[in-house]
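Some structures to go through are shown next.
The same chain A turns up in both complexes below, where it pairs with chain B and then with chain C.
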Partner chain A sequence: MARAVSTRTRLTFTVIGWLVGFVIFFPILWTVLTSFKSEGAAIATPPQFLFFEWTAENYVEVNSRSDYLKHFMNSVVISLGSTLLGLLIAIPAAWAMAFAPTKRTKDVLLWMLSTKMLPAVGVLVPIYLLFRDAGLLDTRIGLVLVLTMANLPIIVWMLYTYFREIPGDILEAARMDGASLAKEIIYVLTPMAVPGIASTLLLNIILAWNEAFWTLNLTAAKAAPLTAFIASYSSPEGLFWAKLSAASTLAIAPILIMGWFSQRQLVRGLTFGAVK
Partner chain B sequence: MRANFLAMMTCSAMTIAVAAQAETLTIATVNNGDMIRMQKLAGAFTEKHPDIELEWVTLEENVLRQRVTTDIATKGGQYDIMTIGTYEVPIWAAQNWLVPLDFGPEYDVDDLLPAIRAGLSMDGTLYAAPFYGESSFVMYRKDLFEEAGLEMPEAPSWDFIGEAARKITDKDSEIYGICLRGKAGWGENMAFLTAMANSFGARWFDMEWNPQFDQPEWKEALQFYIDLMNDAGPPGASSNGFNENLALFQTGKCGMWIDATVAASFVSNPDESQVADKVGFALAPDKGLGKRGNWLWAWSLAVPAGSQKTDAAKTFIAWATSKEYSALVAEEEGWANVPPGTRTSLYENPAYQEAAPFADLTIKSIQAADPTSPTVEDVPYVGVQFVAIPEFQGIGTAVGQQFSAALAGQSSVDQALSNAQALTQREMQKAGYPK
Partner chain C sequence: MATLQTRASARLMMTPAVVLLLLWMAVPLSMTLYFSMLRYNLLMPGMEEWAGFLNYRFFLTDPAFLTGLLNTLLLVGGVLLISVGGGIMMALLLDQPFFGQGIVRLMVIAPFFVMPTVSALVWKNMLMHPVNGLFAWIARTFGLQPVDWFGEAPLFSIVMIVSWQWLPFATLILLTALQSLDTEQKEAAEMDGAGAVSRFIHIVLPHMARAITVVVLIETIFLLSVFAEILVTTNGGPGVQTTTVTYLVYVQALLQFDVGGASAGGIVAVVLANIVAIFLVRLIGKNLE
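Moving on, here comes the complex of A and B:
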């Protein structure tokens, strides 16, 4: 039986919900607003919220100074590439852990997660030397590889959690019908885990898109993605707030739009198995 | 028709061949006005040298420093030209990480300002060419000084600055007598405080590399700074760096600001600054000991030893730091936008003196700083507002945190100094000094 909720309670929670949402969203809103200000208005005290002279000059300046499209394409290739490659490795790995566990499976999972506990800068020089010798510095393929490795533990963990919710009996039935291992994974498991795989995919694209350590340190001019595009507009000596905001807005816009359209999928995937 | 087609094919094949032969230089630069202008004007260089193509990597100063240091230390060879400061040049040159720069007579190397040239050379050889140089000086509000019945001398003393700052301060109307850096960092508050301490007779190390924070000169300098900031500084000064103070000064909240000479063009630009027509300039203060509290920095272009294209890289550097480039900027964007602080000839140019009213004090400030003899007493190191040893970034920032905490009132001056002394001693011993 549904509990009766008074209009007043509902209203209160709605207002609180909107307030929390606004507070979380505010920094992004402020960045977008600042990108339409002049450099002088961007630092004005008291800050001007909406009533300033709106200008698009920062966008013009940013586009004339740097090649947005090149950075954008690099971001797309790197984030998509690393996520797809990661899924290719992680789906069989998560299958093995979820449906054919051994007594060491838990340890392996924990060990995989422990690779995320070392700060990335700790392995910067070894990775840099390996990349130098393999000719991977400033290449997209190099970044795809390193981001795949960086995000693989998260992908495996997420998929493992989703796969565990799928009854093993269904897979067993497929096997009894004569499905090979590959067919079992591709035709039976994957379609059933689509919400989980989709949310893993989306989350990892976002993580790879925003990754700003390896993408800055392993690139120079050719493979630099949007993170490097943003970094070129920050300065400790000189005012670049408005231009920096314009660059940031341009850099986050694609991923924000993608998140907007796929939010239902994202939320469904993230809460998958949480309520039963 | 066929002949035409053949001719066209030959032409495009030739174009491709030329393009294939062209050398591409990857240039790492910092994000500041002068560097961005160079990128815009670089077309003039590639027109003259069609066999050289340029690729730019612009990064924020600290990101750039980390990035190029990784690359040069591992001989990664990602960059053919790096923008580095006066801090890196002596260290990297000693490691043989940089290619010595030898330019022809038309470059006129003797025209470079002696203080800047000295900071970028080792044993008389130039390892980086200065693109723009800066010192620090006092920027002040002429209107507020007039109201308070004060007159700023061209070369003020610290005592005068202290007195004037307290007199101007009117906290009720948010006017603070002086804005100074307080944010912790070797290139933030320690740049200012090290230069200031030099004028108080303090130094980082004695000739045996013993830290000197237990000496009375440091105590006097730090106590003066903290008292002054408590009496006449803005609230929350311990988190203010260059940009925060710039914003405060431009919005009319500071009576004085002692910082980089490059700020002069920002605060006197009416598009950005509300006080553009009320700003005056003076040399950094002194204590009558023969040294002024101003620093010296030059963003310079250098060729890393890992580059395969050293000749093309040197050609570009010679162009970008030449008199010819200054003339090009003057022609395209006016004399006020010529990169300052590198060449004597620029300061002798009447057109420049007229366009940049702060030119005279900038050159005097730069000349007043000597990186090879920065302090009242002798020191074993090079550098005015830093000590050019690899360990300094870490130590400088740790000491900066102690001093920033003292400014925020979290510790006393004595406590901050004794912590600074202990940590510097520990780090220097670990690093194997004295060497």
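Moving on, here comes the complex of A and C:
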């Protein structure tokens, strides 16, 4: 039974809700607005909210002057590469744990999870030295490898919680009908697993895109993704607020949109199935 | 029932993931352990020698470590307080029916998807700047003295930025937990004449208890490693006022090239995180049954 709510209560909550939502969202909105201002208007007091001369010059300048596209592509390659590589390793593992569990499966899962809780700073020194010796510092491939390993536990866990919900009976039936293991995987399991794999892909691209420990410590000019590029605005360039805003808007827009689509999966992925 | 053949192939399918993670964890960690026992500075190559627990003694008795530990606790505690407290209120608010709920929900979770370097710089420059920032303008509008956020309260400023990033996470998870609450139970209590406050304390809060625990533990794990926000706003300063344990290790490793000292610090950070991790792993394990 739905509770009857008076229109007045509903209106009150509408006002409060929108007000709170607006305040929380404001820094993002402000960044987007500032990105369309001239540098002078960006630092003007009193601040100009909507009535300023809208211009796209910051976007043009950010793109032309600072190799923005290169850093953007680095972000794309690193986040997509690490996620795909992670899926490649994790899908068989999660499949095995979900459909052929043994007594030790639970321990393996929890152990994998515990590797995620290892603070990155605890292995910073050896990874840095190993990368230096292997020539992997400031390379995309190096970052792909590190982020693959850093996110692998989350990928395995997310896939596992999805796969576990696929009814095992269907597999039994396929097996009874004489389907081989390969056929079972291709024709029965894959179609049912695609939604779970897709959400895992989405969430991990988001996590890898925003990762800001390894990307800051293991890259310099060449392989720096957007997290590191934006960090370079912390020095004198930080005075150029409009350009900082334009670069920031471009950096967060694609991920924000993906995030909005994946909000349900986020809960599941980041709590390791503890809250559904 | 799994056949022998499936079981064998299952083991084969798990091998890459297990072996890679094992390597990823064991190799660097044992290297860190080994380095932490050495006198080893990258600026003095070839001078490595066994140092025993000397690095630990230096790291743990360094006044910067105690400050760092305190700053870490204040940062984690402050962010938890704001994000979980605020998250409970936000979840209760978003659970009410109102117009445009879906859009408000999208606005509220948005900060979680903003990369740390962007949120830190936007807050530091465009909002908290003591002269041109928006907060300064608001303060002046009300006839108040603008606050020099990063000058007067640098750690608190970082707590605010990080809280803004993590409030959506707490909200989203607590809201999910709240929505799984049986409405009949609430209605029954309502009919028995329980007020809103006592309904919240006796029914809603106990129902959310586990979700709150999960949020606290997961946030703690991530907050112990906060790094980018400090790097781009204060560099750990002024002095060591915003230096956390994580940041201290970074400084020793990549700025002072003190491999031995940084490794000892890294091991200390691992021990600290493990104290939390043990509880979290147990909680999640219980839920796996």
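Keep in mind that, in the parts below, the second predicted complex is superposed on the first by the 184 of 276 C-alpha atoms of A that agree within 3 Å, B and C clash if a C-alpha of one lies under 4 Å from a C-alpha of the other, contacts with A are read in each partner's own complex, and residues count from 1 in each chain.
By our rule, a residue touches a chain if its C-beta (ideal position, glycine included) is under 8 Å from a C-beta of that chain, and two chains touch if they have at least 3 such contacts.
Nothing here was measured: the structure is a model prediction, and the numbers come from that model.
S.K.: More residues of chain A are touched by which chain, chain B or chain C?
M.R.: Partner touching more chain A residues in the overlay: C.
S.K.: Considering only touches as defined above, state whether A:Glu39 meets chain B (first), chain C (second), both or neither.
M.R.: The answer is first: A:Glu39 touches chain B but not chain C.
S.K.: With the two structures laid over each other on chain A, which partner does A:Leu152 touch: chain B (first), chain C (second), both, or neither?
M.R.: A:Leu152 sits against chain C, while chain B stays out of touch.
S.K.: Applying the document's definition of touch, where does A:Leu80 land relative to chain B and chain C: first, second, both, or neither?
M.R.: It touches nothing on chain B or chain C.
S.K.: Taking the superposition as given, does A:Thr102 touch the first partner, chain B, the second, chain C, both, or neither?
M.R.: A:Thr102 contacts chain C only, not chain B.
S.K.: Taking the superposition on A as described, I'd like to know which of chain B and chain C A:Leu216 touches: first, second, both or neither.
M.R.: both
S.K.: By the touch definition at the top of the document, which applies to A:Ala224: first (chain B), second (chain C), both, or neither?
M.R.: Only chain B is touched by A:Ala224; chain C is not.
S.K.: Please indicate which partner A:Pro119 is in contact with in the superposed arrangement: first for chain B, second for chain C, both, or neither.
M.R.: second
S.K.: Quick one: is A:Ala251 in contact with chain B, with chain C, with both, or with neither? Answer first, second, both or neither.
M.R.: The second partner, chain C, only.
S.K.: Now for A:Ile141: first (chain B), second (chain C), both, or neither, which partner does it touch?
M.R.: A:Ile141 contacts neither chain B nor chain C.
S.K.: Once the complexes are superposed, what residues of chain A are shared between the chain B interface and the chain C interface?
M.R.: Overlap of chain B and chain C footprints on chain A: residues 43-45, 124-125, 128-129, 216-217, 228, 231, 233-234, 238.
S.K.: Which of the residues in chain A end up touching chain B in this complex?
M.R.: The contact residues of chain A facing chain B are 38-40, 43-45, 65-66, 124-125, 128-129, 132, 137-138, 216-217, 220-222, 224, 228, 231-240.
S.K.: Flag every residue of chain A that touches chain C in the complex, lowest number first.
M.R.: 1, 3, 5, 9-11, 13-14, 16-18, 20-22, 24-25, 27-28, 30-31, 34, 42-47, 89-90, 92-93, 95-97, 99-100, 102, 106, 108-110, 112-115, 117-130, 149, 152-153, 156, 181, 206, 209-210, 212-213, 216-217, 226-228, 230-231, 233-234, 238, 241, 244-245, 248, 251-252, 255-256, 258-260, 263, 266-267, 270-276
S.K.: With touch defined as at the start, can you tell me which chain C residues reach chain A in the complex?
M.R.: 2, 5-7, 9-11, 13-14, 16-18, 20-21, 24-25, 27-29, 31-32, 35, 90, 93-94, 96-101, 103-119, 121-127, 131-132, 134, 136-137, 141, 164, 167-169, 172-173, 176-177, 180, 183, 187, 210-211, 214, 218, 221, 224-225, 227-228, 231-233, 245-246, 249-250, 253-254, 259, 262-263, 265-267, 269-270, 272-274, 276-277, 280-281, 283-285, 287-288
S.K.: So in the complex, which bits of chain B are touching chain A?
M.R.: It comes out as residues 26, 28, 30-33, 36, 39, 55-63, 66-67, 70-71, 73-79, 187-188, 241-243, 246-247, 250-251, 253, 260, 262-263, 266, 271-273.
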